[in-house]
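First chain written, first letter: the chains are A, B and C, and each begins at residue 1.
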Amino acid sequence: MSKTFTLNEIAELVDGTLDGDGEREITMIAPLKAAGENDITYLESRKHLPSLAESKASCVIVDEEVAVPKDLAVIRVRQPGVAWAKVLTAFHPDRRSFQAVSPEAYIGVGVEIAEGVGIGPGAYIGDGASIGARSEIHPGATIGANAVVGEDCRLHSGVHVYHRCRIGDRVTIHSGAVIGADGYGYVQEKTGDEAQPVVHRKVPQVGIVIIEDDVEIGANTTIDRATLDATVIGHGSKVDNLVMVGHNCRTGSHCLVIAQVGLAGTITLGNYVTIAGQAGLAGHIKIGDGAVIGAKSGVISDVEAGKVMIGSPALPGSLARRAYAQIENLPEFRKQIKALNKKVAELEAKLADAD
Amino acid sequence: MSKTFTLNEIAELVDGTLDGDGEREITMIAPLKAAGENDITYLESRKHLPSLAESKASCVIVDEEVAVPKDLAVIRVRQPGVAWAKVLTAFHPDRRSFQAVSPEAYIGVGVEIAEGVGIGPGAYIGDGASIGARSEIHPGATIGANAVVGEDCRLHSGVHVYHRCRIGDRVTIHSGAVIGADGYGYVQEKTGDEAQPVVHRKVPQVGIVIIEDDVEIGANTTIDRATLDATVIGHGSKVDNLVMVGHNCRTGSHCLVIAQVGLAGTITLGNYVTIAGQAGLAGHIKIGDGAVIGAKSGVISDVEAGKVMIGSPALPGSLARRAYAQIENLPEFRKQIKALNKKVAELEAKLADAD
Amino acid sequence: MSKTFTLNEIAELVDGTLDGDGEREITMIAPLKAAGENDITYLESRKHLPSLAESKASCVIVDEEVAVPKDLAVIRVRQPGVAWAKVLTAFHPDRRSFQAVSPEAYIGVGVEIAEGVGIGPGAYIGDGASIGARSEIHPGATIGANAVVGEDCRLHSGVHVYHRCRIGDRVTIHSGAVIGADGYGYVQEKTGDEAQPVVHRKVPQVGIVIIEDDVEIGANTTIDRATLDATVIGHGSKVDNLVMVGHNCRTGSHCLVIAQVGLAGTITLGNYVTIAGQAGLAGHIKIGDGAVIGAKSGVISDVEAGKVMIGSPALPGSLARRAYAQIENLPEFRKQIKALNKKVAELEAKLADAD
């Protein structure tokens, strides 16, 4: 964080319009409430406007319309979040950890290593694997035989890529993620043995995993190899930590799969699908483009494009909100139904008497 | 996949009856829809019969009764899924990655290594551990002091087995699984200190984990060591990825525990229990033989043998299906109860007038 | 377990009152039902009193009031669980695995290693990191550049601590836990390209993780680094296995976070908060001191200090118990509402006739 930037430089970087002193030096980035003298900050949402009024920051990045306190320098842009990400990157440029192949890395036979690759000590590259230009493999990561890692990738410590899996370009995989372990596939074999009438015979999982370009995979996520062909994480998708992607799943492009989601086998996600944390999807279903699955939802059938599904069992979004909100009223429902039964019985008795 | 087989050879392998040209060469296996010339495929379920009618495969494996298009060679067997697993294995014979102990593996003092063991570079075997015949320990896996691994096991990269744990024969453990970390055991100790009246004092976890024969453990699953005796995964059980098995749990034989399931401490599963994905079981309960726990279920009390429990809170299967299906009707229930209250009040008023 | 203790020694160790032969030698600790001759055991709860009556143990640790069979030696203490933990520790003293820095560990440039540190073969310590006195880093663990590990810590095999993260004193981290991977932060950037109108641009995660003193972190748990400042696990907190702690979360002191819990980003937990297994908390909420979140609960808004919240959606504890218990009655509710509608319609018709 030794770099400093003038407001002119920052405005140019984010393609924004500066209202303030362009020569002012900015030394730090900071969240709105913490920002002080010489800091630049950013208005994430209009609900933080009150904090903005009290901010001691030197400059704030906002959209093109919001009103800001007049003493505050301001950079206006169309997409403040995008501008903020660019400023963060400028102040914290991405530094590579490993620029070359460590003599203490284990490199198999027939491995292809392109120029600029960095491999840390103790990393293992299996026979016949290939690592694309400028990619980094951190200490303790393992790449199975004949696996392919593209260009400009970063595989953090303890990532395990099984044999023959294929990682695209500009893919980041965080520590402990496992790419290409066997899918959970067994057939129930009758044995004729009364003591154990059935055993679970393993179905060999001979397919692979394909991670397309520009994907990021979170820590300790597991993506299982396909039975026959490929489990695919589509271009530009972002998968959070501790996610389970079962064998034969295929996500489209630019999907967001949040932490601890479970995708059972052979699920197809369209493009721009969002699946919120801890949701679970049953096997063999299709989720259409742009659909959103709420946190903790349980989905057991196809979801049409653009639909929002929430809850377990999952219901369409607006219905789900109304329906699940009634659970707290169930004791009252019970009481009222009981009372109604009594009253109606009394009415019936009275009317019978009246006959 | 350079091997080819004649249909006669395949029929013999699966103990099936061929109807077709026994000398026909098969070069590939493929899923039903993708299968083409020289491929063998398999009818997984009768609902795929329409796809079978259009299949370009050279041969299909089916059960003894289903009717198939007359141009298609067919191998009939009693258990098509089992036959298919055998064919897959024949076309993709399991190849060992490591045939010997790498000079770059770290082998402790007093380690016993049986014949045919393969240990990859960078794997660590603690003092006094023993590795049974023909087992493989992949790069980056660690075996704690005095742990025992049986014969014909495969421990993938980044598997961590803690000290003194015992792995049976023919056990496969996928990357990142952790066998024998400390169970989550603390006692709430009163301190007499107002600032922090209670601290969580660790209860030493001095037991072990026992994985019996023929078990498979998925990637990044964690099985904690017992407080005093042993956490046990029973013979032939298959545990999927990212499962949590708490301390002192004991599963019977041939259980299926699907991804992201959580078993709290001291749970006993009978034989042939199935627990579907993301289900959670509270501590100190017993699940009887052959019981099935549905996906995402929350189970807090004992389940009898053979029972199906679904939902959170878990209910018996058929009731659960009917009951949870009503959640979407709750807004309507509310409306109708309100309307009924109004109508009954009106009726009561009318009758009172009539008196 | 070669050590033996006399009952006098044990009574002194736990600051308890012995009623029995103080010279009696105890060779083993055992659970109540399994305890035999020469074993000491402990009464965890009064519901196990019947087992105590049949126990063959030589001595039992109990509280100051419970009545025990007269033949059994007894040690009375105020906090039997605490005494039991002390006895367990005495019989199974904690043994270090690594007393020194292995010549086969990978030590970066400018690493500070205090006295008594043990680092296993194949462990990696990045440039500029520091390891405090008597801490142990097991084989296959990796410590990123400029990270700080305090004194008397134990980082098990395959723990990955990213750059610049800070671990306090007396912290234990179990295998496969990942401390400091990037938080899940992206901004949706409009591209103007119809084929992919939006891409998820990464927001650099330039903060760190701080683990305070006396924390224990379970196997395969992931704690993401903050976007700007720090994700914090507070003093004395205990985090179980496979937990996800999102970026910018801060837990207070002495929190208990059970297995498979998911904390989305920017959550604040007070002190002494308990979050039971598989619960999920939405981002940007606050949980007050001493609050308890039930297993599998879904919490989307602030929880006041001391409150118990259960269910998904989460409701206050006693309401939750009554409300969720009604789900099994929903088919009956439906039937009765239908019957009520019919009866009321009939009554209305009768009364209309009567008019």
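Couple of notes before you dig in:
We take it that a residue touches a chain if its C-beta (ideal position, glycine included) is under 8 Å from a C-beta of that chain, and two chains touch if they have at least 3 such contacts.
All values derive from a computational prediction rather than experimental measurement.
Superposing the C-alpha atoms of chain B onto chain C requires a rotation of 120 degrees, rounded to the nearest 5. Looking at which positions face the partner, chain A and chain C present mostly different ones, since fewer than half of the interface numbers are shared.
The mean-CA centres of chain A and chain C are about 24 angstrom from one another, to the nearest whole unit. Shared interface positions of chain B, defined as residues touching 2 or more other chains, are 122, 140, 158, 176, 220, 242, 260, 278, 312, 324, 327, 329-330, 333, 337, 340, 344, 347, 351, 354.
Residue ranges of chain A in contact with chain C, taken from their complex: 29-31, 34, 78-79, 81-82, 84-85, 88-89, 91-92, 94, 97, 104, 120-122, 138-140, 156-158, 172, 174-176, 214, 216, 218-220, 236, 238, 240-242, 253-254, 256, 258-260, 272, 277-278, 295-296, 312, 324-325, 327-331, 333-334, 337, 340-341, 344, 347-348, 351, 354. Chain B makes touch with chain C in their complex at residues 106, 122, 124, 126, 140, 142, 144-145, 158, 160, 162-163, 176, 178, 181-182, 184, 186-190, 196, 198-204, 206, 220, 222, 224, 228-229, 242, 244, 246, 260, 262, 264, 278, 280, 282, 298, 311-313, 315, 319, 322-324, 326-327, 329-330, 333, 336-337, 340, 343-344, 347, 350-351, 354.
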